[in-house]
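In the two complexes that follow, chain A is the common piece, with chain B as its partner first and chain C second.
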Partner chain A sequence: MDFRIGRRPLIGAALAGSLASLVGCSSKDGGSGSQAQVHDLVVGATAAPDALDPSTNTAAAISQALLYNVYETLLKVDGKGAYQPLLAKSWTESPDGLSYTFTLEPNARFASGAALDASAVKTSLDRIGQDPTTLATLKSQLAAIDRVETPDPGTLVLRLKHPDNFLLYFLAQTAGIVYEPSALSTLNQKPAGSGPFVFSAWSQGESLSLVRNASYWGTPTKFDKATFKYYADPNAENAALSSGDLDIISNVQAPQALGQFKDTSRFTILDGTTMSEVVMGFNHSRPVFGDIRVRRAINYAINRPELLQTVADGHGRLIGSMVPPTDPWYEDLSNTYSFDPDKARSLLAEAGHSSGLTLALRVPTLPYATAAATFVTSALKDVGITVTVDQLDFPARWIDEVMTKGNYDMTIIGHAEGRDIVKWADPQYYWHYDNPAFQKLIQQAQTGPADEVNGIMKKAAEMLATDAAADFLYLLANLVVIRADLSGVAENLTSDSFDLTTISSKDF
Partner chain B sequence: MRVASTIARELLIFAATLLVTSLIIFMVVNLLPGDVAGTILGPNADASSIAALRTTMGLDRPWPLRYLEWIGGLLTGDAGRSALSGQPVLALIGPKLAVTGWLVTLGMALAIVIAVPVGIAAALRRKHLDGLIWAGLSQLGMAVPAFLAGMLLVVVFAVQLSWLPANGYVRLAEDPGGWARHLVLPVVSLAIVQSAVLVRYVRSAFIDVLGEDYFRTARAVGWRFGSAVLRHGLRNASLQVLTVLGLQLATLFVGAIVIENVFVLPGLGSLLLSSVNQRDLPVVQTIVMIQVALVLVINGVVDLVARLADPRLRAEATEAGA
Partner chain C sequence: MRRAGLIAGTACVGVVVVMALVALFWTPYDPGQVEASQALAQPSAAHLFGTDGFGRDIFSQLLVGARICLQVGIVSVAIGALVGVPLGIWAGMAPGRIGRAIMRVSDVLYAFPALLLAILLAAARGSASTGTAMVAIGVSTVPAFARVAHGATRSVMARDYVAAARASGIGWGGIARTHVLVNIAPVVLVQTSTSFGLAILAEAGLSYLGIGTAPTTPSWGRMLYDAQKYLYQAPLQLLWPGMFIAVAVLGFNLLGDGLRDALDPRLRTGRHDD
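Here is the complex of A and B:
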């Protein structure tokens, strides 16, 4: 009998003792506290990169961590959509729009110390155009470039096949990254660029660390170290910020959970816009979607303000077309089809579906997509459309079924890439939307006079909306939570990058 | 001589099992719809560039060829490279295996430390209120899912009290203190559930032992109760418990992913899950192979320990061999 009584308190005491000693440790070097000598910034993110070369792997997580932080481009787009110098000090466009001349920043160097001159830029741009392993998307963004010339080390000239009003924009994004020429073969494991941070270590699925570039040519960062930590589980990410393990959550996955960060003495919540349009796409190669009455009926049947409330707790924007508010040609088209189930029913009857219609909605296993699918199913049922939903593993299965095989009627996914409205001009793309008038508008905007671009793009966006090319459900919110002493985090996302270069703390 | 041939035979069976398993793994994994080319190129690619990359990566070659390449590499200690990052698969898996290894072994060790005294107490006091309370508590512990226990611990000890980090991992070699702090909550939440299971087995094994003739004999010839429990009870009961322990350990090496997810531990399970989602097949195949091998090894060790601890089994083995 003595056995039990003797042992139990002992175990308890041992546990309590070891806990106490551990607790003692934790308060001593309190993590990323602002009092510490080393200024370390820890950023939480959800999607982890599985490779590190943004020119050969499409994962947005790569550019999120590396663009502007480790890698630089000739120019950069600011929060208002205007171009700002980066590696190029200035640039001019020829009157015929067929060439751009960039004057490079004379002090610019790679982090390794190697010179960043015109020939290095040429190597990177030529690689996108000519290397078969670089992504087709990037190739198409720079497709207008005919050849790159380097009259002297400080000057770069781009000769174009045809004028391209979108080129500068894409040069400011992933396609325009200037890589260190001697490191091209190892970019997937060891990024090498010219930014204020240098790649330090990567543990796949876990974290990616950057350290300060001690010899940065421009304004150095205030942080000695920056780490991206990856969380498959949004709850774990929230807990990490609450307990002080994180300084920033780069994109809150469950807006319903924002309440726990309301304490403004500890946290600041940013609620801005992304470029990610959540589109319920129709498969236009299916005869049923050849009928505009069906497409409009679906748009009338769904109460999008309520959907936004249900799916994202009201965070995000109703846009009505494929343009985020940060693009210069944005206009609010969200009232093109106001909720009107009666109109939806009569349009369906006109189209000969009064006896009912069954459509397959195949969504990726992403929280917003599955939540929206549930809402859509009940809304469409109300107007006489039976929706069969199935969830496809994302990315592999969804890409295979929906994108490659085109085996779907409707799907829901966020399109995060900047200026992706041009995808609607490609009939091969998985929506199979083939509208010559729209294609002509995009071509005019790209190659016509620069001062007409905004007007033409507005028309193109309106065309998508009135043609009910898809149901443009909403724009994902850019929900960022930061430690209260930090500032300089962009409220609106205008590139793939989580830009660390502008972040500072009021404590140091 | 006899021992050597027994060991040789066991090893041969081990190797043959692994070989057959590898074929099954390869077939099943390659049946998964979708592939890594689509993952790499993502939602903005068109079908033709996905097809082109598939050819470049050799994904369209016949499966027997790809199988032989993989298994041939494994035999020479080279599991190939990740289709996504190009990193050697073994270099990728090694650190993750260490994380899962620490989590599972420490978790089980703590579970044993909790379960053995509690289980014995519950057995000895089974007709008293306190004994019933122990049994009831273990029932309750089994009913609580590990992830829920983990989340509750996080809320209390990390978010409310800020005593311990909510999640994440630090390597032992880099910062032993940080390593220990990060492992406390995951190990405890794993141990809570596993010890609850174990308590029930320890308890029933002990109840059996207490009713055995040899135990009564020991008491009759003058052994004190405590000494009899220690000398005869513990050793006999441990044989039953050992089998359960082996099963738990094997299950955990595969099933620790739940705890890994809650605590964002970069373990084998998390890597397996993300690799399956991305269709990084060389990584998936190799992880599953390692898990199968681990289960076989654990079973083998349990078998061996049982024989060493139990003279009756040793005798049987000798008779069978003769």
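Here is the complex of A and C:
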């Protein structure tokens, strides 16, 4: 009996659903015209998030979906690396570099309708600094902030312990997100911000949906709905775009497959730069890597132009250090160690490894990493280094074994965060690279006069390259395929976000 | 006609075994040698099956892959048989609570697919490798062996000669060795052959998913994984490893069926000619 009663409404709902879709069809054909067409944007992505709070979880997929779309920051970095206003209408820096004063956008509101004033911003920034659950990376990015003051609801003042030339940049990224103060305890289930989209639903491992924020304080988005769909299999993701299930592939996993999107009447391919340096990291706490000759030998042994060709079908850039071309202090250092296997062999012999050397290369289960491992293993074998490869499930196992326990000789991973060159100044970070001269340069760049930053950072990048701190294999290409009618997708990735707010269609 | 399956199965398995043996002594190229300039070469005299996206010789990889495939089959089936068969015999000879308990535990294990077990094991061991895959596949074949051995043991135990042996004072261990093991051997052998095929398929599946054999080791499943991104550029790359996986699995299954027919006419399926 119960069973039947339970079923009837279902059948009813199904009927109603099919009727609605019939009505939908006729209005699309120009029938009644009274029912507005729903503009839905579906974005394909990989690496599904396992939680939703970007301040307590490292998964890059969280900020990819939520930053600038659901969450906003005081300011934003544009494609050229310049700062643009967002929640802050304007800002000034004191001459001594020890305080920043932000004037907030007076209309800004959270999606819930609550006011977004200086005290809300203070709550979010203080939380990064003081809450023990927030990520150490974010804490270090905002470490220069001594205290946050709110002289009036529209003004925010940051007082710093020391000048920090990188602070504005990090305030524009995940660290600077302004969360709704009353929703802090449920951020992992229900993100609450002030952006043009509002979080709607999350199906773990499958999709994350956003809907338009009807009461957005700024320029509203043209899309009623946006969904990130997660694919473990790149071929399935590509097929979904071809068949029209997706409107955008946010990051093409196998560049070899781009050929199927050549039809320009259907698709546009963007081939820009990311900030993700694919680094073959050495574990500097192992004695073998204390010897610069070994590190240089490995750098000489690998033909990086060929590696880029085979691993990424030539898409991406050779950079030679830890700086992407979108950073103001970029310099092409890719020729620091040109392919020279003889030199590699003689350096290894000098270092006392003429009878051979065995190294463990532990790679995450990511397509580019396992492919690069194949190339590297063969190249190093040619110069007498035996490489034993194993793969660690990403993210959990890789982070545990390599990042936390440091149980590796070499590993390969893309470092996607912006300005992550500063991580080389932290001897605790998983490379255990401890170079006081480099640390001093980063310190100078951070706290010294602003006009000297670029010069000092250039020197720092050169130091990493000549010291062969790692083998900087290449920079991942930002390969995005979009439906031909869409525009406004950034060619170069300059933040942690896949920014939906600038996307529009010429059809509506 | 009845022997056709057996012959075809033996032939397929023979091909794989010969490839594995050859790979022990000789491959035309180092299977891990990357030659970027030779990438995606078509089949030719120099490269019998062409090269992959790294310019590695596919034929050399296939040869070494055969060795890995047999290694996986042998190790995992050995684990399954060495654990499963004694358990099954024990359960079959002790039909009370102990027997039921063993079979229920084995049924629970049966419910776990090899893939899931392998993922669990890889997580517990810290890394995915051929070794992890072999252990996982081995563990997942234990219940199949236990079941087969259990059923066969039960039917042997009902025979008069077992009652006679017991009456003449032979202990349980003696009966298990002299009567049960000998009489259930044909069924176990058939199961071994079938499980061998399944193990090869499971390893290929795991490697294809990226949780089996590590990169640079040319397992057939791994080759499939590497080749899938060239699906549109060079579809032949997927064909070769796929074809050999099919040959090996088909071979072991046909061999299993053929062996069953040859060794135990009573188990013959769909035939009433005896």
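Heads up, the rule we're going with is that the second predicted complex is superposed on the first by the 472 of 508 C-alpha atoms of A that agree within 3 Å, B and C clash if a C-alpha of one lies under 4 Å from a C-alpha of the other, contacts with A are read in each partner's own complex, and residues count from 1 in each chain.
The criterion applied here is as follows: a residue touches a chain if its C-beta (ideal position, glycine included) is under 8 Å from a C-beta of that chain, and two chains touch if they have at least 3 such contacts.
This structure is a prediction, so every number in the text was calculated from the model and none was measured.
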item	value
Which of chain B and chain C A:E417 touches, first, second, both or neither	first
Touched partner set for A:S203, first chain B, second chain C, both or neither	first
Partner chain in contact with A:N235 - chain B first, chain C second, else both or neither	both
Which of chain B and chain C A:T310 touches, first, second, both or neither	second
Contact breadth on chain A, by residue count: chain C or chain B	B
Partner chain(s) touched by A:L187 [first = chain B, second = chain C, both, neither]	neither
Chain B versus chain C as contact partner of A:D393, first or second or both or neither	both
Contacts of A:T377 with chain B and chain C, given as first, second, both or neither	second
Chain B versus chain C as contact partner of A:E401, first or second or both or neither	both
Shared chain A surface residues [contacts with chain B and with chain C]	235, 393, 396-397, 400-401
Residues of chain C touching chain A in the complex	30, 32-34, 36, 39, 53-56, 122-123, 126-129, 210-211, 214-217, 226, 228-233
Contact set on chain A toward chain B in their complex	1-4, 7-8, 11, 19, 22-23, 25-26, 31, 48, 50-52, 56-59, 132-133, 135-137, 188-189, 203-206, 229, 231-233, 235-236, 239-240, 242-245, 393-401, 403-404, 413, 415, 417, 420, 423, 426, 428-429
Chain A residues touching chain C - in the complex, by the definition given at the top	234-235, 253-254, 256-257, 259-260, 303, 306-307, 309-310, 362-363, 365, 367, 370-371, 373-375, 377-379, 381, 387, 389-393, 396-397, 400-401
In the complex with chain A, residue positions of chain B that touch it	32-36, 38-50, 56, 82, 84-87, 92, 95, 113-114, 117-118, 120-121, 124-125, 151, 154-155, 158-159, 162-169, 177-178, 180-181, 184, 226, 229, 261-264, 266, 270-271, 273-274, 277-280
